[in-house]
Amino acid sequence: MVTLKDARRIIEAAEKKAEEIGQPMNIAVADSGGNLVSHVRMDGAWIGSIDISIKKAYTSRAFDISTKDLAEYSQSEGQFFGIHASNGGKIMIFAGGIPLVQDGRVVGAIGVSGGSGEQDHAVAEAGAEAF
Amino acid sequence: MVTLKDARRIIEAAEKKAEEIGQPMNIAVADSGGNLVSHVRMDGAWIGSIDISIKKAYTSRAFDISTKDLAEYSQSEGQFFGIHASNGGKIMIFAGGIPLVQDGRVVGAIGVSGGSGEQDHAVAEAGAEAF
Amino acid sequence: MVTLKDARRIIEAAEKKAEEIGQPMNIAVADSGGNLVSHVRMDGAWIGSIDISIKKAYTSRAFDISTKDLAEYSQSEGQFFGIHASNGGKIMIFAGGIPLVQDGRVVGAIGVSGGSGEQDHAVAEAGAEAF
Amino acid sequence: MVTLKDARRIIEAAEKKAEEIGQPMNIAVADSGGNLVSHVRMDGAWIGSIDISIKKAYTSRAFDISTKDLAEYSQSEGQFFGIHASNGGKIMIFAGGIPLVQDGRVVGAIGVSGGSGEQDHAVAEAGAEAF
């Protein structure tokens, strides 16, 4: 279970990482149902990334996989090509979403958006590790 | 301007009020562009209210009015009846959204959802006052 | 928690009730995240009610309330008027959705559609009681 | 014609296959109109695959083809590239959807989602064979 307190700890760690690499981010945390627990947009972060961060968190929980890995299977010729058209537009297939794992089960996810794919993934990783 | 720091102060005050009245809430803060700065879902708050809190914040900034007041004009027979169908479904026309005012100008809004209209409005008011 | 086995027991009871009153129904069961666990369309039931049954289940869990009760507050002049425009069109505000309660907490919902509001509610009730 | 009884037999066979390969699945059956007859989410199956299983069933009936075969023509440079943007987002172009055939005519389809493309297709095949 991901409580609001958990979400805040995750977001705090992610924010710290974002500050370290000098790139303001949108950070979102979803629970086991894929529903948003909390979101923050750091000052100066892209407004187009609000939606993306929330959707990366959803996607990562929806398929119990990082969006970085999902991306590999979702390119043209990949086995999941076209998955981005599912779930009413809620699927994001590029790096920045990572599942939150508790006792070996996925119980939620973090989604980060605001920089390069590599940066988003690194910030999400920092958040996931704080869980 | 509504910074993330401002949003957190506003949300903290709103959460405190929600705890006082014993009703867990979704609380969202939007900036002058109507774009989300931060959102929290208190433990146990309705999942259907995530979306509503964000949309109340948007609506309140979009028309520089509390959604409680907008509601009056948006009922059947009212002069704005049908406004909820505008803006791609982002408009909410019941109490819980309040503009954030700075130097006489609306610079953002808070949106609250999770209880009765009266409760939502009271919690939003507590948040707005902390700005 | 609502397992597939639970969902099948709930649906079986609802189907039995639908047969008793002689009206084929769509019956859907959602879990605590509002996500679909199972759906059946009885032979001859309306195809327009597939979507409605799934959305009634979602709505009932999203706000922890029967859609029959929600309907009362969601008419023009009611405190939740306009709520049907939230959550990306997933909200249904007429009878047929009932929360599933376990140890005093809502852990899912049943949604029924295919007859009059009264019939839908009665069938949903039979399903919820089997949980 | 695909009755609810047929759908249940198809789903039962598909579930059995999913258990054999040890991957929980979402399984959906659609009728000749492409409309959902029944859906089940096995415990532990991905929540993002609910929608996908239903859409694979729709797609497979909509074009009277397995989604595995449709996928071949729908990649970048393929003759149907872009087809996933048609039908209001109801089209899925990766393996797991298979038509249900009766007396040489397609009368419905099964859609499976929850594992790799190969797994989804194998489970769908087991379901289709039970028809």
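By letter and in written order, the chains are A, B, C and D; residue numbering begins at 1 in each of them.
Assume a residue touches a chain if its C-beta (ideal position, glycine included) is under 8 Å from a C-beta of that chain, and two chains touch if they have at least 3 such contacts.
If you want to know which protein each chain is, UniProt gives these names: A, B, C, D = GlcG protein.
All values derive from a computational prediction rather than experimental measurement.
Judged by contacting C-beta pairs, the busier of the interfaces A-D and A-C is A-D. Annotation: 28 Å between the Cα-based centres of chain A (GlcG protein) and chain D (GlcG protein).
Put simply, the C-alpha centre of chain C (GlcG protein) and that of chain D (GlcG protein) have 25 angstrom between them. Rounded to a whole number, the gap between the C-alpha centres of chain A (GlcG protein) and chain C (GlcG protein) is 31 angstrom. In chain C (GlcG protein), the residues that touch at least two other chains are 33-35, 88. Taken as a graph of touching chains, this assembly fits none of the simple shapes: it is neither a line, a ring, a star nor a complete graph. Contact annotation for chain pairs lists A-B, A-C, A-D, B-C, C-D, with touch applied as defined. Listed in rising order, the residues of chain B (GlcG protein) touching chain A (GlcG protein) in the complex are 3-4, 7, 33, 35-43, 47, 50.
Residues 46-49, 51-52, 55, 71, 74-76, 84-85, 89, 91-95, 116-118 of chain B (GlcG protein) are the ones touching chain C (GlcG protein) in the complex. Only residues 31-35, 88 of chain C (GlcG protein) touch chain A (GlcG protein) when the two sit together in their complex. On the side of chain A (GlcG protein), the complex with chain D (GlcG protein) involves touching residues 33-34, 58-59, 61-64, 76-77, 79-83, 85-89, 91.
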